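One structure below.
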Amino acid sequence: MSRAIMLLHCPDKQGIITDITNFITVNKGNIVYLDQHVDYSEQIFFMRVEWELDEFLIPKNKLEEYFCTLYAQKYDMRFKIYFSDYKPKMAIFVSKMSHCLYDMLARYTAGEWNVEIPLIISNHPDMQHVAEMFGIPYYVFPITKENKAEQEAKEMALLQEYGVDFIVLARYMQVISPEMIEHYPNKIINIHHSFLPAFVGARPYQAAYDRGVKIIGATCHYVTNELDAGPIIEQDVCRITHKDTVTDLVDKGKDLEKIVLSRGVLNHIDRKVLVYKNKTVIFG
Amino acid sequence: MSRAIMLLHCPDKQGIITDITNFITVNKGNIVYLDQHVDYSEQIFFMRVEWELDEFLIPKNKLEEYFCTLYAQKYDMRFKIYFSDYKPKMAIFVSKMSHCLYDMLARYTAGEWNVEIPLIISNHPDMQHVAEMFGIPYYVFPITKENKAEQEAKEMALLQEYGVDFIVLARYMQVISPEMIEHYPNKIINIHHSFLPAFVGARPYQAAYDRGVKIIGATCHYVTNELDAGPIIEQDVCRITHKDTVTDLVDKGKDLEKIVLSRGVLNHIDRKVLVYKNKTVIFG
Amino acid sequence: MSRAIMLLHCPDKQGIITDITNFITVNKGNIVYLDQHVDYSEQIFFMRVEWELDEFLIPKNKLEEYFCTLYAQKYDMRFKIYFSDYKPKMAIFVSKMSHCLYDMLARYTAGEWNVEIPLIISNHPDMQHVAEMFGIPYYVFPITKENKAEQEAKEMALLQEYGVDFIVLARYMQVISPEMIEHYPNKIINIHHSFLPAFVGARPYQAAYDRGVKIIGATCHYVTNELDAGPIIEQDVCRITHKDTVTDLVDKGKDLEKIVLSRGVLNHIDRKVLVYKNKTVIFG
Amino acid sequence: MSRAIMLLHCPDKQGIITDITNFITVNKGNIVYLDQHVDYSEQIFFMRVEWELDEFLIPKNKLEEYFCTLYAQKYDMRFKIYFSDYKPKMAIFVSKMSHCLYDMLARYTAGEWNVEIPLIISNHPDMQHVAEMFGIPYYVFPITKENKAEQEAKEMALLQEYGVDFIVLARYMQVISPEMIEHYPNKIINIHHSFLPAFVGARPYQAAYDRGVKIIGATCHYVTNELDAGPIIEQDVCRITHKDTVTDLVDKGKDLEKIVLSRGVLNHIDRKVLVYKNKTVIFG
């Protein structure tokens, strides 16, 4: 059964929920999910609503226009509407490590995710055999300081060709340039191997070891121009002890990274993430 | 600023949210919290809504009647309305252990909880000095098989005298009789020192040790006639190892018990718990 | 550099550590790991010690005999000696679900585990394509009440042919018969999809949902004749809420299951697990 | 039964464990705890050993001298010997918040800790009533920029008068001066209300809120001259969501802070913490 999912935010006012639920109900949509959140410090209202389209009177291709005219202007809303019968297209960027890649491809192949993965891009050939195992085209774009702009341009052409909606950096060890980020605003998902904002940048496990922390973490976030400082989607941690070497941290961290990344990606796929001012609202 | 809090559930139908938010908004209530949940396996709609009463047109003492007439009958609802300016009265039952008692009294004395604790009841004199430190009347009712009915009758008389709304069993080592439970349906909160439904009954830490589990837990639940089988409000766990003796489990468990109990009690005080068919909906 | 790993236990007495460390040091072994544990309730001493063999004076094939003669008899010890340069052979048993299988094969293929996986056995053909992706022989033995003894006999013949040291049940939905368990004592590792001893047996997620728990878990344990009651190697949990359906529990549980199983298997591979009286000592 | 506890570290060499266990066993000490750790990156050996003194041949007041002469010089060791029948004296420093204070005093009064708390020091009079409830002397030293050196000198005189062994800062909102830290090296325990090294300094909950993290933490560490950068003893975390305001973080953080602080203090009291180069080894 096809559903519409709407994510919106606007200045908080009385009557918004009433208006929106009225709009859906009157037009014979059956609400199957509704959650709202008010950020009182910013006076902003957030909402995620999902309804069945079977008897819905407004055609899918008119929905955005109608809603915009009737309510979005009135409440100064920003909103997005998604349909459950569209499978978003996701590209994976990877370097040399396989754990996040395997984890996502296993979920994908098992049919757990409502997504299509038309291609994998890498700066190294190392993961080609994994891509082949799962039958997904694998493109290699080696990156140097000199060719970075050029290579990213080719990557973007390829992404456009494949109709890619969002990108997942599965331990991709290259900084994405502002040009590319601009093309995919809050659509590039990264996994950072630390409990951000601790240990930004390179070699966070070594840094965690040196600092002597008792817990390590991983952070899934959208990529912005400031390194490791974009909106956080998901985090998790695990305990370590003085017995753990840097290698142990790397090994334990792999499990964290892949689980945290996959949780974050699933929330993105399921349209449960709303970004506002470098923070996320994650609807449950 | 005074607020009304309504918890309700009813068979799921279209238009409920619209009707209720309309009802509040039209009568000049400002909604500050709304969360809903649909249990699709049972086809039941659950809702918690909170609104400011300053300009609300319906007087507090008429609210229940109006809502009942206008909506509850229409939707076959069960609902409860609470007002934020009423401080519920909570009795603590305790036996010989102090950790949960101290933890709750410290929060209470520091003003963290919107509650009044007019008395503490025990089957032993051991915790009298703690009650005295915090200036709270302490009543001892020693319980034997023979006098149990009689003593509980006296306790209930005392609870009524003090206008007690709900009871917290802070490691109270007596089974509550069906008569008393009937007087306080989903109003007696217990902490059980295991991860229920594992290790029901007496000596759960010994049982956990004997089974060789790697994680222990604590469970806060409402008391029903079946032992340790009432609706679960909150649970938490902590890791243990083969190095931990039964005494270590008891010590680590104390921290779990007091935190889990206090979280559960706070959810109850804040009217965030809705019980349906031996399970709870906990609004966030 | 080759190492010896010894796991032992015996009645607790003075001088054991001294004797053993003396034995190793005098014979020019360099101790790189030593951990001991005393269970005071049972008065049993447990130890794991690991040493480099480069200059060790006793040949590998004489080590067991020498240690037995010199110390094991004296202290009434049970001990096992393993060598780091032997790769244990592990068989995977699987039914229809892929998540644990993928997770282990990804680690294996990436070279994370010091193990060999010569074959996968199943009662269904469903996972054949996964085995093929990773280039591992896959054998199907459909099991019915009538043919169970016969099929298990064939499986055991195959396991012997491949020189299998231990078996991992990766959500294998068949009860292993006592005959097979007897051949692999504490060498069959299972993942149960609940926080044991809660929800033993079939459909634990449905049972967890029905009970209304706030946390679900997974348990990795050795298989014994009593269902889901063998020595626990590893457990972990994750939070759920009233919003989670049984399907959600199954999905969240998959991540738990695969991580908990892989952690347990890794501990087994690394010779960190010592079983005593249906409980495990896990050396860190 | 009286026990000796020895914590030591030295450059890693063969034979240390043998020598030390020999020393204890030969002199009729019964080892009841032994754990060792080798930091291979630093080539340092760490050990904690605990033995019963009943039949031990070396008198307590000669033990340090004998061990130093016989072994510490040989191995270039740093070591400390403690006796279980000495109750260390602990001072609490507090400002205006009660949660950590109550938590520690409740454990202390219940006899959970092998410690004496002879006094509480504060820069504010606010917690006087709590100290009085528990019958512990409370001294107020208001601190300004101008009088800080003078007031700390008075505090140190008082600490010496009471024979204080170590200090716990229970949300004490003053930076300790280098002079005082020098007098109590690795003997001043602080609780910082963030997951260090994230959010060093003032207002960490506001900073965590602004950054949009999904998990908050608390860190118990020894105080050094660099702010919030001393050796970490214990950390823990809890999940938050976009629904949590800064006030919610403060409230949830209180539970974290008190549990993490109390765990860290207990490890210190039980002589389980060994500091080496701004990191801790925590023996289990």
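Worth a mention:
By written order: A, B, C and D. Residues from 1 in each chain.
The criterion applied here is as follows: a contact is a pair of C-beta atoms (placed from the backbone, for glycine too) under 8 Å apart; a residue touches a chain by one contact, two chains touch by 3 or more.
Since the model is a prediction, treat every value here as computed from it, not as a measurement.
The rotation relating chain C to chain D, fitted on Cα atoms, amounts to 180°, rounded to the nearest 5.
Here chain B and chain C face each other with the same set of residues for the most part; over half of the interface numbers are shared between them. Interface comparison, A-D versus A-C: the pair with the greater number of contacting C-beta pairs is A-D. Seen from the Cα centre of chain A, the chain whose own Cα centre is farthest off is D. Chain geometry summary: the mean Cα position of chain A and that of chain C are 36 Å apart. Averaging Cα coordinates per chain places chain A and chain D 42 Å apart.
Counting partner chains per residue, chain B has residues 241, 243, 284 touching two or more of them. For chain D in complex with chain B, the touching residues are 98-99, 102-103, 106-107, 109-110, 112, 133-134, 241, 243, 251, 255, 259, 262-263, 284. Per the touch definition, chain C reaches chain B in the complex via residues 37, 39-41, 46, 195-199, 211-215, 217, 231-237, 241-243, 245-246, 278-282, 284. Per the touch definition, chain C reaches chain D in the complex via residues 14-15, 17-18, 21-22, 25, 30-36, 38, 239, 284.
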